[in-house]
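Okay, so chain A shows up in both of these, paired with chain B first and chain C after.
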Partner chain A sequence: MQMSKIVRLSADIMYPFVVIFGLYVIMHGHITPGGGFQGGAVVATGAALVIVAYAFHDVKAMIPKILLYLQESGGLLLFIGAGLAGMLLGFPFFFNWLANSGSLFGTPIVPLGPNPGELNTGGFLPLMNIAVGIEVWGGLTLVILYMISGVGKEEY
Partner chain B sequence: MKRNLTILLLIILAGMLLALAAGFTYGTPLASDMDDYFIRFGQAQIDTNNIVTTIVFDYRGFDTLGESTVLFTAVIGVSLMFRRFFGGEDDADE
Partner chain C sequence: MIELVVHFLVLAGLVVSAVLTFYFRDLLAAALASGLFSFLISLEFYILQAPDVAISQAGIGAGLTTAIFIIAIRGTRRFEEGTE
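The block that comes next holds the complex of A and B.
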């Protein structure tokens, strides 16, 4: 059973903004409040919006389930891999091997005290945020899908 | 009778908790060594402005690994419970 046309059109218009805001929260997790978990939850909310506006039965075929499974597993593997990559270079497990290094995400700027911050800092914190964001995105979307697929079915 | 006793006991316990909480002075934590360390050195060591993310992903990164594993396990549990309703194979079963 679909919602009315107004609700469906609103969901269509709002969906990209929700997703972009979630990706922004993930990407700026080391500068502004938020982070991977919160941003992933925001992106998963976009999926919930579409599922609520349209009927689950109608959108079930459009959802790339295998992509969500891969996202969930790959996010966790990327998280562990970023921690393990420091061990290959001779650092302890989960050492922040990118901070202050001058390469990607390692610009050693930062005047101390309050400042607006820069995106290209933080060592592997942005990598961790992206990994956790991908994992939470896939995981929470899968939880929503699984739970809404059981609504109305009798127990057996 | 037994129910009244339970309610009385709960009220007494809540009152004791409130009295205990009123004894603390807010704004002056008992131990703030770690907080002071993070606030003073976090920005210089990790080079970011968000101290919370610095603590969660760097100083306490191993705990965050556990948290991600908990989420992974939760999704696996939900998918085990609801798997017969999802993916269209339930129609084939019946």
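The block that comes next holds the complex of A and C.
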């Protein structure tokens, strides 16, 4: 059972914008309101829009389950791996060794005064936000998928 | 002044959407009224200077919870059977 053509077309049009906005919230988590969980929830809302609009067998072909499992596990592994990487280098657990290092997310000198915000700062925190965002995206989409597989009386 | 007017409009909308959620016999309309309640309360969080909580509420409350309600209604009957 699927919804009417108006609902399906609206879901198709809205989906890329919702996903882009969610990825923006994840990526700017350390300088604007929001973060990994909020951005991941917004992206999962876009996926839920498509899942609600289409029939179960269409959704099954559109969204592969193994990809969502990999996202969920990969996000958690990235989170704990980023925490353990500091211990390997001789620092405490979750030490922010990337900040001010000049490499990824480590610009040492940031501009003062009113400015739109330097994205390439924060050290660890953008990595944590990306990991949590990937994990929440996969996890919440899996929740909705299992819910609809119970309604569809089919094994997913 | 205009902030106060918007604030009172949002609060009145909260009460109206909550009462509509209670009174609808069509469960799909009740789920959508519940989603409207979540959306208005996220607007209220934004007015009260908590944009972080507002994004969470709009994503989880207005988006995912309404989707789960709609999927659950798809699995059962759409109309509530009255007792009167």
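In this text, the second predicted complex is superposed on the first by the 144 of 156 C-alpha atoms of A that agree within 3 Å, B and C clash if a C-alpha of one lies under 4 Å from a C-alpha of the other, contacts with A are read in each partner's own complex, and residues count from 1 in each chain.
Definition applied: a contact is a pair of C-beta atoms (placed from the backbone, for glycine too) under 8 Å apart; a residue touches a chain by one contact, two chains touch by 3 or more.
Computed from a predicted model, the values in this text were never measured in an experiment.
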{"item": "Touched partner set for A:A41, first chain B, second chain C, both or neither", "value": "second"}
{"item": "Partner chain(s) touched by A:T121 [first = chain B, second = chain C, both, neither]", "value": "first"}
{"item": "Superposed model, chain A: greater residue contact from chain B or chain C", "value": "B"}
{"item": "Which superposed partner A:L112 touches (first chain B, second chain C, both, neither)", "value": "first"}
{"item": "Touched partner set for A:G86, first chain B, second chain C, both or neither", "value": "neither"}
{"item": "Which of chain B and chain C A:G133 touches, first, second, both or neither", "value": "neither"}
{"item": "Which superposed partner A:P33 touches (first chain B, second chain C, both, neither)", "value": "both"}
{"item": "Chain B versus chain C as contact partner of A:M147, first or second or both or neither", "value": "both"}
{"item": "Chain B versus chain C as contact partner of A:N100, first or second or both or neither", "value": "first"}
{"item": "Contacts of A:V52 with chain B and chain C, given as first, second, both or neither", "value": "second"}
{"item": "Doubly contacted residues of chain A, that is, touched by chain B and again by chain C", "value": "33, 35, 37, 143, 147, 150"}
{"item": "Chain A residues touching chain B - in the complex, by the definition given at the top", "value": "29-33, 35, 37, 60, 65, 72-73, 75-76, 79-80, 83, 93-94, 96, 99-100, 106-110, 112-113, 115, 117, 121-125, 128-129, 132, 135-136, 139, 142-143, 145-147, 149-150, 153"}
{"item": "Chain A partner contacts - residues on chain C that touch it in the complex", "value": "51-52, 55-56, 58-60, 63-64, 67-68, 70-72, 74-75"}
{"item": "Chain B residues touching chain A - in the complex, by the definition given at the top", "value": "43-50, 52-54, 56-58, 61-62, 64-65, 67-69, 71-72, 74-75, 78-79, 81-83, 85-88, 90"}
{"item": "Footprint of chain C on chain A - complex, ascending", "value": "1, 25, 33-35, 37-38, 41-42, 44-45, 48-49, 51-52, 140, 143-144, 147-148, 150-151"}
